[in-house]
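The structures come next, written out as structure tokens.
What follows is a pair of complexes built around chain A, which joins chain B in one and chain C in the other.
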Partner chain A sequence: MGRACAAMTVLRRNNLLWRWLSLAPLLALLIVFTVVPVAGLVWMSFHDRQWQSGIGVWRFVGLDHWREFTSNLYYWPGLRNTVVFAVCAVSLQMLLGFFMALSVSRAQGWLRGLLTTVFLLPVVVPPIVIGAMWKLLLGTEFGGVNAALALLGVPAIDWLGNPALALPSIILVDVWHWTPFVFILLLAGIEGLPQDALEAARLDTLSAWQSLRHIMLPLMAPTIAITLVFRIILTFKVFDEVYLLTSGGPGTATEVVSFSIQRTFFGRDDVGLGSVMSVFTLFVVALLAVLAIAASRRRRSD
Partner chain B sequence: MIESTIAATRRQMLALGMLAAAGAIRAETQPKITMLINQSPWFDGFKKMIERYEKDTGNRIELDVTPFGGMLEKTRNSLRASAGTYDLVALNAMWMNEVYSGGFLQALDDIEPGYRLPANVLDFDQSVYWNDAKKSFDPSGRLLGVPVNGNVQVLYFRRDLYKEKGLKEPTTWAELEANAKVLHNPAGGVYGFGIRGDRGSATYDVAPFIYSHGGRIFKDERNGDYTVALSSAASLKGLETYIRLAREYGPPSPWAMSQDKLIQLMATGKVAHAVAVIAIWGALDDPKKSAVVGKFDAALLPRGEPGRHASAAGHWVAGIARNVPTERKRAAMAFLKWFVRQDVQVAYVQAGAVPVISGLGEAQFGKDDRYRFLEALSENSRNSVFYAPVKERVEINDLIGLKVNQALLGELSPKEALNQAAEGIFEIARKAGYKTGRGEIL
Partner chain C sequence: MASFASAGLRLAGRGVVFGYTLLILAPFVWIALSSFKSQIQILTNAMVFEPVLDNYIELLFSKSASFHRNIANSLVVAAASTVLALAIAASAAFTLVRLPLPNWLRAAVFSWALLFHMLPTITFVGPWYVMLNSVGLSNGYVGLVLANVTHHLPMALWIVAAFMRDIPEEILDAARIDGCDERSSFMRIVLPLVMPGLAAAGALVFLFSWNDFIVALNLTAAATRTAPVAIATFAQEHDVKYGEMAAGAMLTTLPALLLLLLGQRLIVRGLLSGAVK
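What follows is the complex of A and B.
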């Protein structure tokens, strides 16, 4: 009995050792590529760097950058716009992406291949091309959209210069660009649903809407949650579309957090303030991701 | 006879051999250097000069041609490294203060003792000399670079329309406004005046209006007084003139007018006047890119009343990195000295670029109609102003740009825009440790 216990202990110890050994490479990568950079950002947020005779000199400044951050002219309008952008763009993408996935999952033969190819096209276009293309399309004087509207007698619309329209225009471009990403993830989710549950719903003579609401959506909740989290994180990182179409203007109508961070870090070379902005944004995004996952778990347990 | 022929042949062979040897020596006088340069409308002209230099001297220069958006990061990465990638870096007016003050460049008279810029080379408001103690430009400071592109603002006007309506070249903003009013005909597809107003360009474009009316950003930065002076009656007059011209005689949404849009409108004949950089001249006179070839002329920017002429410097200076080997610094110096030669600058203009020496307009070739911009370029260069010559220039430029943009939009009154910008500049100067003060508030 005692020998058996000892053997079990050794086995457990070996097992534990093996677990740590197998996790070690991943842990090392996580520490090097995630923990160290974040710790570096936190450290830099309390320091200031000046260049003297070609050498960078760091100085501890305490909470100075954090105080400056509270009244930053760009970040706060940018955060408001980013939240509006994330809510509107992600909602539209989830809705459109789901119905696109549903229609493809029900299509047969060549139509299925054709729809998948067409739906996926925007996501494979490089962002720089998307920016240039939409800038040409949305231009006031020479833009393709206004030229098409002019044929219908509609006067020219200033899509990117009107502060009320600039952000919605960028949201539309983002929806066009990223809905295929949502579509492909949700299509994979739909394809992976247990067919017997859907079959049972059909035999129970549930309507299409009832089947969608009571069977399909609850079963797809994990896929939807992951897609949602992905998209929220990615919308917080939106940069190229804004940079290429409006550069944050007019005024601060299309300022977004990533643009504020980029300008502070790389334009002004203010790594202290840029780090504060980055740490705060990281916190906001992590909070939103946790909330989204918690909501999904609660829905699943319900 | 035969002997004399053989002797002559020997002499010829000897001479050829000596020439070849001389060529070989010349070809190896300097090591190969690398230069960081931006992809811009004037780059083709610069590239032709590099080819000519290589052909003339046998020395080699490798160019890293980079879009404007990537220039600053590449410059910083190379200059801040222990060993630099680039021997020569092209510095835009927007960030040359940061590079100068960081101590990343070798003063030219360190490389060649006693070197001074030739008298006819434009220094664009003394922006090639840096005084570390004053933290500003100063002709008694160190010479840190040589201009490689003389980009300043000029007044573009449609000479065909001027002739048609019998108008005179304006010398004041009021005269320009009167002419813009005459030519403003949006229904006919022509706006009286075009200027950039987007956030990124607004500071640069409003600067001549403010400075020409007697306004300025700091009280006397060249002498160490960084008291903020932006919020003044003179600046207000300048800003109001800029807003009025842009809103009343310009295309819709002037707050969203960027460089590419302005060029589009000018090249398609939709604006009668514009304040824009001289670097776009080539595009306007190129039949492949323009519908108004030969129709634009350039002039000195108008002055305020009371006031002076002022054109914002937007030039490029080439500086020699400190963190490269001495022989490559000497090679870079040899190129810069060659580049500012009169004959090279003439070839530079003929290749479609913007020269960096004065007096070319008076030269014989300058009388050719193709080079009719040269006189305006020289005059505006002589009146160039370098606003906010401090290492925090990018930050100040961003701040004024936002406030002017909001004033154009109507979100702020011109007074509020100047007051808020002045308050922000004071905070920037205070944080950076300059001797500063709040100055007047409107």
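What follows is the complex of A and C.
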């Protein structure tokens, strides 16, 4: 009895030790690489860094960077573009993706395997490669898109150099890039719907449109809404393709917030102003994200 | 009437899907063709041309070639990030989802990981650079690997956690009754059972670390530059080297293609459990 109790104590101590040991690397990484950086950004947003013989010297400057931020020439057009970009691109992706998911939801066998492979391609290929691809396709003189349009007698279009067209062009590239992923998400959603409801609709001889309108859409609405909001938030991350295709230009036509931060923080080595932009962006996106997460939690617990 | 309409809708849908499939494949075909053209042929949009290997030779075998080093850097970084992320995510996920812990801790870790995943990466790359620079790690492998691990840890965590939630409680009970402590339950019972989850998470972490551009762009120097960053330099120079950009892009796409052909199911499963629901 006494020995068993001693063994139990050892076991309990080992277990407690293991629990903390197993969590320690995760917690350490999350604290050092995600919590400290946020605190660091807030701190840096009130400080200015000067290089003195290779050593960074920090000086408290109060709200200077924040004041400078309110009239920044890149960030605000960038924020507007990012919102336009996210809303337009994601809406188009959802429409296209949902339509396609509906039409193959009952496809079987090889067709399905083939489609999944092809549709996954844009998701797994490096985004920078997708940028390179579209740089070759959208060139004015030699691009594949203009070559195809020339066959139809359309004169060459300056997709990326024309300020009015540059943002729509980038949005189309993003739609091309992410529609397949949305398709896969929605297809999984459709196939997870209760089959008896759809079957009942079929027995009641509802037309395809009626069953879509009255059965499927209401059932799918929460999934669609949440996918939409999450995709929009994730689209705030857009960077790679913009970097390669337009670098934010012409002018600020395709400037996005990630690019403004990159430009300020790294391009101009203005760490203070870059931090202000980052803190502000974090605040906006986190607010949206928290609202979205809370909404999806509430839905799940309903 | 109803079946007629639904057949019509279905046919139209299939048509769009096939059209879209071609639309996805066409840019890949175009860049593949371009990678075998000379710069002149690309710029004059030669439709009929004799394929040349010049771009690949220039990238890999010429005197100034450095792309093979970029590929090697990408491999090292992606492999190391994958191993580390899996080890950290797996051990933590078991404790988080199956062992008694204060609820606030569990909720805090998962919520923060989800939030971090959704926040724009660039807002973290700045402070990462400042921090790593202050300890002299800003241009080396170590900093880049740690940044990549952090970047993809949320995804690895919830894929592996999803698989661990599916382990039947009876199995863990049986281990407990046999006197296993939690560490050996994890090592001997849980790990073998979640191998498919580790494979799915591993495939995706490898892929996304390999594909990463924004972190590597800012945390590498010439010697540690990864393939995506090298591709961007071809495109950013004064005269865009279209041929080399295309050939580099083709080479950088190979791992993704291989993984897709070999482990499509893993990737789909990972993406679906990793997608925010």
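A few points about this structure:
Heads up, the rule we're going with is that the second predicted complex is superposed on the first by the 244 of 302 C-alpha atoms of A that agree within 3 Å, B and C clash if a C-alpha of one lies under 4 Å from a C-alpha of the other, contacts with A are read in each partner's own complex, and residues count from 1 in each chain.
Following the convention adopted for this analysis, a contact is a pair of C-beta atoms (placed from the backbone, for glycine too) under 8 Å apart; a residue touches a chain by one contact, two chains touch by 3 or more.
Note that this is a predicted model, so its numbers are computed, not measured.
Residue contacts after overlaying the shared chain place A:Gly54 against chain B, while chain C stays out of touching range. Of the two partner chains placed by superposition, A:Ile224 touches none, neither chain B nor chain C. Within the superposed three-chain model, A:Phe33 lies in touch with chain C and out of touch with chain B [touch as defined at top].
In the overlay built on the shared chain, the residue A:Ile171 is in contact with neither chain B nor chain C.
Ranking chain B and chain C by residues of chain A touched puts C first. Once the two complexes are overlaid on the shared chain, A:Val124 sits against chain C while remaining clear of chain B.
Of the two partner chains, chain B is the only one that A:Asp270 touches; chain C does not reach it. In the superposed pair of complexes, A:Phe142 makes contact with chain B and with chain C alike. Using the contact criterion defined above for the overlaid structures, shared-chain residue A:Thr205 touches chain C, although it does not reach chain B. Under the contact criterion defined above, the residues of chain A that touch both chain B in one complex and chain C in the other are 56, 141-142, 247, 266.
Chain contact summary for the complex, chain A toward chain B: residues 51-56, 68, 73-74, 139-142, 158, 160-163, 246-252, 263, 266-270.
If you check the complex, the residues on chain B that touch chain A are 72-73, 76, 79-80, 98, 101-104, 198-200, 251-253, 255-256, 258, 261, 264-265, 270, 322-323, 392, 394-395, 398-399, 402, 405-406, 409, 411, 424, 431. Those residues of chain A that touch chain C in the complex are listed here as 7, 11, 14-15, 18-19, 21-23, 25-27, 29-30, 33-38, 40-41, 44, 56, 96, 99-100, 102-104, 113, 115-137, 141-142, 144, 147, 176, 179-181, 184-185, 188, 205-209, 226, 230, 233-234, 236-237, 239-240, 243-244, 247, 257-258, 261-262, 265-266, 271, 274-275, 278, 281-282, 285-286, 289-290, 293, 296.
For chain C in complex with chain A, the residues that touch the partner chain are 1-2, 5-6, 9-10, 12-14, 16-17, 20-21, 23-28, 30-31, 34, 42-45, 47, 87-89, 91-92, 94-96, 99, 101, 109, 111-116, 118-131, 134, 146-147, 149-150, 153, 157, 179, 181-183, 186, 207, 210-211, 213-214, 217-218, 227-228, 231-232, 235-236, 240, 242, 245-246, 248-249, 252-253, 256, 259-261, 264, 267-268, 271-272, 275-277.
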